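One chain, chain A, links the two complexes that follow: it is found with chain B in the first and with chain C in the second.
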Partner chain A sequence: MAFVLGIDVGSGYSKAVVCEDRSIRSFAVMPSGGDYKEIARTVATKALLEIGLSFNDVVYTVAAGYGAGMVDFADHSLTDISCHATGIHHLFPSVKTVIDVGAQFSRAIRLDNDGRIANFILNEKCAGGSGKFLQTIARILHMNVNEIGDLSLTATNPVEFTTACAVFAESEAVSRIAEGAAPADILAGLNKAMASKIITLVTRVSYAPDCALTGGGAKNRGLVKAIQEELSTTVLVADEPQITAAFGAALVAFERIQAR
Partner chain B sequence: MSPYFAGIDIGSTMTKVVIMGDEIVASIIGPTGPEHRKLANKVIEEALIKAALSFEDLAYIVATGYGRINVPFADRQVTEITCHAKGIHHLLPKVKTIVDIGGQDSKGIKISNGKVTGFVMNDKCAAGTGRFLEIIADSLGVPLVKLGEISLTADKAAEISSTCTVFAEHEVINKLSGGESVANLVAGIHESVATRVYALVNKLKIEPEVAITGGGAKNIGLVKALEHKFGFPIVVPPEPLITGALGAALVGKEVYEKYASEGLVPTRSGHGLEEARLFS
Partner chain C sequence: MTNFGNGSSLTVADKYYSQYGLRARELKGSGKKIIGYLSVLGPIEILTAAGVVPFRLKGNVSEAITKGDAYMETIICPFVRNVFDAAIKGKFDFLEGMVLPHQCDSIDRTDDVWANNLQLPYWHYLNVPHVTDDPSIEFMKDILRLLIRSLEKLTGKKITDDDIAQAVKAHNENRQLMRDLYVLRKSNPPMISGTEMMKVLVAAMSLPVDESSALIKSVTEEVKARPMPANGKVPRIMLIGDQIDDVAIIDAIEGAGAHLVMDDLSIGSKMYWTDVDATPDPIQGIAERYLRKLKIPTTFVGDGNTYQENLEARFGHMKQFIKEFKVDGAILFIYKYCDPYGFDVPAMKSFIESGGTPVLYLEDEYSTSTLARVKTRIEAFLEMIA
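Moving on, here comes the complex of A and B:
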């Protein structure tokens, strides 16, 4: 039995997962802020303290994500794409397509039957299909980004948006609010616009079922529903979708000590 | 008395009116508000006062632009693509390619003898439109109208690697706090807009002369950046915002004269200014 640590420093949030062998024992999620080096240590400490451990108890640490290079206590670092693949394949072995909706970027990853990466595509050019889009909208509706999903599910007459551009959708939303549209209907429309943007990525990696959604965006149940409607299939979502890559990193850490 | 014609161009950001007889007698430019119908009345009344004419003096009225449907007293609605082409052809007959950078979209229009032979448009993404410049100007604390002259003082355009307005805004703020000068950043965002607009318009076969219209034409730094991409000079009409409204007035004049040559008068909308008010 050994404790391993997986860390994913994302552009929006940093996540740490402590595993005992292949089982998650604790995790922590915190906003990344401006100092990746510091946040990596803080979020790892938080996860370790939760189960009364310290850094000395950790046998191996793998870092991933946007700020992986800044994690000075990691034994190894990997891309978040490969950690997402490892994490999802362990949780849902049937999954062939992973959609990750992160704070600034969204990605589609295509896995082969053995969970290896066959193809992936990154949307780094446009905020339209990323968490940034949801944050912009949450701000103008004066609500928390976490409330978007549930409220959007109560929509009765979703607003049609003409674009998924974060800038234009914001002004469109403001116009619709001025015309008296209900916030739930606006949010449902935005989730739909976002889903259609994300689907363009999925199509480009040659979609195959089963499909899983990861990242902070997977916590938005309205977005999950909109993506399911676009794909006409059920989309799998882990209990804690935000920690998938950190969990994958911890799994890699365990494999590495097994191989020693 | 020779007849007068009005063109009204309700853009996403600005509304423009041109009243003309044989030549332009008055033009008005004002911000587009949420209530187009009220606004259409207001701006045409202003333009009529400026021209010392009354509504009854207008023989034909054409509306164009994204809000053209909301002008009840217009006798005809025509797309802004057609109107830009007509307006530019009237002012600058040698122009074959028009670049229009508006508040919320950008377009490329190919013309031959004043007729549209092709066009491309981006209204789905804020990058490459006036909105991009507006947002960045705002986060730099610089008035939109000053961007052009500020960029001319740059020693080197800062490289802005993000295309998306949202990401570029962050990039600009980061670079600003990293010590980059405002002038270099502004020059950098002009490069960014020019790159996007060039990629769009280049889907058409770009032929000189090239004219630029819309609010973007008033930004000398952007025009220079575009000239650099295109590789030849770009003509800026004296008042680049009113070419659509001018084109609309010209369409009105053509319609009227066509009927007049047969001894007829064209059918009118039947709506006056007072009636239109009842809708608002």
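Moving on, here comes the complex of A and C:
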């Protein structure tokens, strides 16, 4: 039995998962802010403290994500793409396509039967189809990004957005507000626009079922529904989709101590 | 011949790389005429034969475009915009003139923007055809003769067939020397890193041919004399693209735990892999080399009967590179708004993948501003092929 630590420092949120062998014992999620080095330590400490552990109890640490290079206490680092793949393959072995909706990037990852990455694609510099897009709209509607999903599911007449560009969608949302559209309808329209943007990534990696959705975006039930409608299939979502890459990193950490 | 003294020749390459244009500025000070050119189409042999110094222009990926966009639209490829920005800011104030080819829209549709705003004493537009049949070779020879005449007017000196033959010989030798250096990348691990190689390639394109040859030769000797690095299980990567002329992307590849062992870049193997044949009329050999031997997306190379034969004619050399240099994965790095390469991407990618080599396709700016996201993709690609 050994405690391992997986850390995913994303551009929006930092996540830490403590595993005992392959089982999650605790986790923590915090906004990344401007100091990746500091937040990595803080979020790891938080997860460890929850089960009364300290860094000394950790046998191996793997860091992933945009800020992985800043995690000075990690034994190894990997891209979050590999870690998402590892995490999802462990949770849902039947999954061939992973969609990750993060704050800055959305990714589509295609897995082979053994859970190895066969192909992957990230959205380009454009923020359309990433969590940033939802944050922008949440801001102009004066709501919390976590509320978007449930509210959008109450929509009766979803607004058709003509753009998936985060900047233009902001002005389009403002014009719809001016025309009297209900927030729920605006949000449902945005989830739909975002889903179609994400589906172009999925198509590019040669979509195959089953499909899983990870990342903070997977907590938006309206987006999950929109993606399911686009793919005409059920999309698997973990209980805590946001920590998938950190969990994958912890699994890799465990594999690495096994291999020693 | 340049004496490199006791200093390492790789240090000299690094100096010419980091202070790009340093030697050209010195040569200008000693009365030489420096002529800038922008692409693999040169034609450097003619410039050398004219007694001027061919100097390939490059931008700076770490520098923002601050003045150029006032003159050039932002749909122009970021490489051309960045170089133009450097030129308009006076970075190349040692230039006597420039030769711009009919190549891609971003170059030939901005010819007048360059000419009118830089106001250099010498300007020549080289109307290179895009097809390679026999009448095109005749046309190419004619436009090379026009270039010769305009250079004669600039220097006041006649360019003889013998001058051209001499220049062809010097450049062929230069290319052979560079190919000899490339051979040192075949070992595993390569004896020269991708970053070092990039610096040599960039330094070489800023020097007169004799100085370039001396530098390459001495780098080869220096690298050969180094202790052989330990063998490791590290992926061997080939980089494909147009004018990638900075170590930033290569640092990203090698920093992620791979060796860059080969390229199909316009300042790399494209420049050095094919020679000019010594033909009775020296212009004939030059025309054939630039039009038929050089494989670039703007030239319709390939007279195959089938699509597959055309692909083989255009990209077959890359499969050869993959075999010879034992390449594990290829990175196709294309600048935004580069239509010629952009249109080639699907065919090129599937052609290389059909040989069993994975390809990572990246589209990006000529700028380090987006390097972090490019790095993520490279790292994931390396993890995928490991």
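Note that the second predicted complex is superposed on the first by the 259 of 260 C-alpha atoms of A that agree within 3 Å, B and C clash if a C-alpha of one lies under 4 Å from a C-alpha of the other, contacts with A are read in each partner's own complex, and residues count from 1 in each chain.
The rule is short, and it goes like this: contacts are C-beta pairs under 8 Å (C-beta built on N, C-alpha and C of every residue); 3 or more make two chains touch, one makes a residue touch a chain.
Keep in mind the model is a prediction, meaning the values are calculated, not measured.
On the superposed chain A, the positions of chain B and chain C overlap enough to count as a clash. Contacts of A:Ser175 after superposition on the shared chain: chain B is touched, whereas chain C is not. By the touch criterion stated above, A:Val145 is placed in contact with neither chain B nor chain C.
Within the superposed three-chain model, A:Phe120 lies in touch with chain C and out of touch with chain B [touch as defined at top]. In the superposition on chain A, A:Thr163 contacts chain B only, with no contact to chain C.
In the superposition on chain A, A:Thr79 makes contact with chain C only, while chain B stays out of contact range. Once chain A of one complex is fitted onto chain A of the other, the partner contacts of A:Lys132 are limited to chain B, with no touch recorded for chain C.
Here chain B runs into chain C after the superposition, and of 63-71, 99-107, 135-143 or 153-161 the stretch doing so is 153-161. Put simply, chain A uses residues 125 to touch chain B in one complex and chain C in the other. Considering their complex, residues 66, 78-82, 105, 116-120, 122, 124-125 of chain A touch chain C. Residue ranges on chain C touching chain A, taken from their complex, read 363, 370, 372-373, 376-377, 379-380, 383-384. Considering their complex, residues 34, 104, 123-126, 131-132, 135, 162-167 of chain B touch chain A.
On chain A, the positions that touch chain B within their shared complex are 104, 125-128, 132, 136, 162-168, 171, 175, 178.
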